[in-house]
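Chain lettering (A, B and C) follows the sequence in which the chains are written, and residue indices restart at 1 in each chain.
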Amino acid sequence: MQAQTLNRRWPWVAIVLSLTIAFVFAMISPAADSLQGFERVRIMYVHVPAAWLAYLAFFVTFGGSVGYLITRNLRWDRIAAASAEIGVYFTGLAIALGMIWGKSTWGVWWTWDARLTLTAIMFFVYLGYLALRRTTDDSVLRAGRAAVLGVLGAVQIPLVHFSVIWWRGLHQGPSVVRADGPAIQDPLMLTALIVGVLAFTVVYVSLMVKRIELIHLEDRKAAIDQSIERPVAGEAVTVPDLGGSS
Amino acid sequence: MTETLLVELSKVGVRIGSTQILRDVDLEIRAGEVVGLFGANGAGKTTALRLMATLIRPAQGTGRVLGADLTSPERYDVRRRIGMIGHTPGIFPELTLGENLQYAARVAGVPTDRAGESLAAVGLAGASDRLAGASSHGMQRRTEFARELMIDRSLLLLDEPHSALDRDAVDLVEGLIARKAAEGGAVVVVSHDRDRINKIAHRSVELSGGTLS
Amino acid sequence: MTTGFWHQVTAVINRDLLRERRRGDVLWITIPFGAIALLLVPLAIGTDAILLRQIGPGMYWVIVMLFGVLVAVGKASSETLPQQDASALLGLDPAAGFVGRAASATLLLLIFETVVGLVAVGLYDVSIVGVPWLIITLLIVAIGLALLGTLTGSIVNSTSAGTALVPLLVAPLSVPLLLGATQSYEGLRLGHSILSWVLLMAAVVLVVAIIGVLTARPLQET
């Protein structure tokens, strides 16, 4: 029993711990960016990891969707859906923070640069995914249709990534993953950013663990539901009776 | 004649969403049989037909139709040998009766001149150019029977086949049913007209409480 | 894919084009609607010729994307369950059905693009440049939208939302086509090579086509 309790608590512990570490690194990193100001740059330590987590979550949705299409095991579908839920939230967070950063840096809430806009598009793709899941309570139908959309939506992810290079908008180019090495030269800033990405990865994994616990409970409920003998639909139809009491 | 099993259902259950429609259905239909399927409104008769047509997968139990497992991809391979005429016509109202049959012929891979012959066989030769949407329900039904005449089917599933048909068409339907059975196929007829069906069926089954008796 | 497969594709194309010819949804409703939309924009933002010349190409492609959805959705989702059952029991390969429906939607979209394009040229004084590459762009966009609409129509088939959900699903997924088309036109106008954009759009089309064909069977199940 105690091991089970620990099992349920550790994701929350991991989330708090990893975010605390990331926060500390974000606060102790220098204010080296003279263009963006001392405090504004710290938004980057949440915005970038949130965006990374969004990509990760949607990649897992893609994997879950492929897994369902191959195995027809509903567990894969629930993983895909759980990951999409998390991804939508963190995409929204990344966009919101990007807007705050943009307002303070460029003076407008929305810059219409390629990556920000395509991230917003990705957000709507997965909103559509979640909307599709709500259109039927038939778990098999829902899983199949959502899986196809999950695979289709994943086409977006490489396009969002490469858009920075191809369309060269206002958004700064990839800060870390570049052919000529990271743009951020200060090692502490770079470390803070990487720690942030790792922390959010831990957050994602922890949230998925909790969500998958719920999935297990949903699976058990579904199995119990299946085993209960319910009246068939036709039993609701009875012999008509037009007569009243005599 | 070898009594080939064309339909084998064992403890089959069908759920649509969270609603159980059929439960513990056991049914065997052999080549040459005409089977009447009766039941009250909402009993699941149409669902049972669509199950036998391989259009629905069973949620419980095992089922084979024309040798194909109802849960495996091989069910796609036998669909061409299954004919079904449901409540609502499955033809396209924007096409003429003749065009509907020509489309069916092309998809099924039969010569398109059979379309005209089949339409004539059901008494609609003069209505070939009439839009299906502008035709009566009875004419649309006859067109569907023409389609089934055109294509070689081993299993024929008919849902209320006599509805909207005049006397001549009723004779046509019963002739088609008898011919199919004589050729070694099988026919399942859903109907509320028990007297009429019992005259042409070898046996009948009753769907009640989601199961067959 | 056997010759039988392509016969079935042809049968579905003939069927859908015949249905459209008799119904006239695209030719008499969607195309005029797209033209009216192009007419409304200057009424809302101003009729300055220079402004309209600048925004004209982009407006055209947006209209194509948004209204193209209606063309593709109409074809993809206008089969009733009995019609689908009948086609399935004729032995129609679901992949052939998908390819056929997408092909007929492509033809209708090409007509849509052409007519609405002429309206855009007239109302916005948009110049027609790089005709061969422009035709290729129009073709790829038509194919891509047709595939997206047909595939998403199949995805929402048998769900409660039905066609209402399709525009929400298609619109964001069509953005790579929108960006490719607009950048292609801009490139042609400036005399730049647009091969990379064309290849990008072709890649999107290829991916959607493959997904559509591979998932045609699973999506048929209700």
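The working rule: a residue touches a chain if its C-beta (ideal position, glycine included) is under 8 Å from a C-beta of that chain, and two chains touch if they have at least 3 such contacts.
Predicted, not measured: the structure shown is a model, and the values here were computed from it.
Participant: Of the chains present, which has its C-alpha mean closest to the combined C-alpha mean?
Facilitator: Checking distances from each chain centre to the full centroid gives C.
Participant: Compared with subunit A, which chain's mean CA position is the farthest off?
Facilitator: Chain centre farthest from subunit A's centre: B.
Participant: Suppose each chain is reduced to the average of its Cα coordinates; what separation in Å results between subunit A and subunit B?
Facilitator: 47
Participant: Just curious, how far off is subunit C from subunit A if you go by their C-alpha centres, in Å?
Facilitator: The answer is 30 Å.
Participant: Need the CA-centroid distance for the pair subunit B / subunit C, whole Å please.
Facilitator: Each chain reduced to its C-alpha mean, subunit B and subunit C end up 36 Å apart.
Participant: Can you list the subunit A residues in contact with two or more other chains?
Facilitator: 136, 141
Participant: Show the residues in subunit C shared as contacts by 2 or more other chains, in ascending order.
Facilitator: Counting only residues that touch two or more other chains, subunit C contributes 221-222.
Participant: How about subunit C: which of its residues touch subunit A in the complex?
Facilitator: 151-152, 155-156, 158-161, 165, 168-169, 171-173, 175-176, 179, 183, 196, 200, 204, 207-208, 211, 215, 218-219, 221-222
Participant: Write out the stretch or stretches of subunit B touching subunit A in their complex.
Facilitator: 16-23, 39-44, 207-210
Participant: Can you check the complex and tell me which residues of subunit B touch subunit C?
Facilitator: Counting only subunit B, the residues touching subunit C are 50, 53, 55-57, 73, 76, 79-80, 82-84, 86-92, 94-95, 99, 103-104, 106-109, 131, 144, 147, 151.
Participant: Mind listing the subunit A positions that touch subunit C in their complex?
Facilitator: 69, 118, 121-122, 124-125, 127-128, 131-132, 135-136, 140-141, 144-145, 147-149, 151-153, 155-156, 159, 166-167
Participant: Would you tell me which residues of subunit C are touching subunit B in their complex?
Facilitator: Subunit C residues touching subunit B: 4, 7-8, 10-12, 14-15, 18-19, 22-23, 80-94, 217, 221-222.
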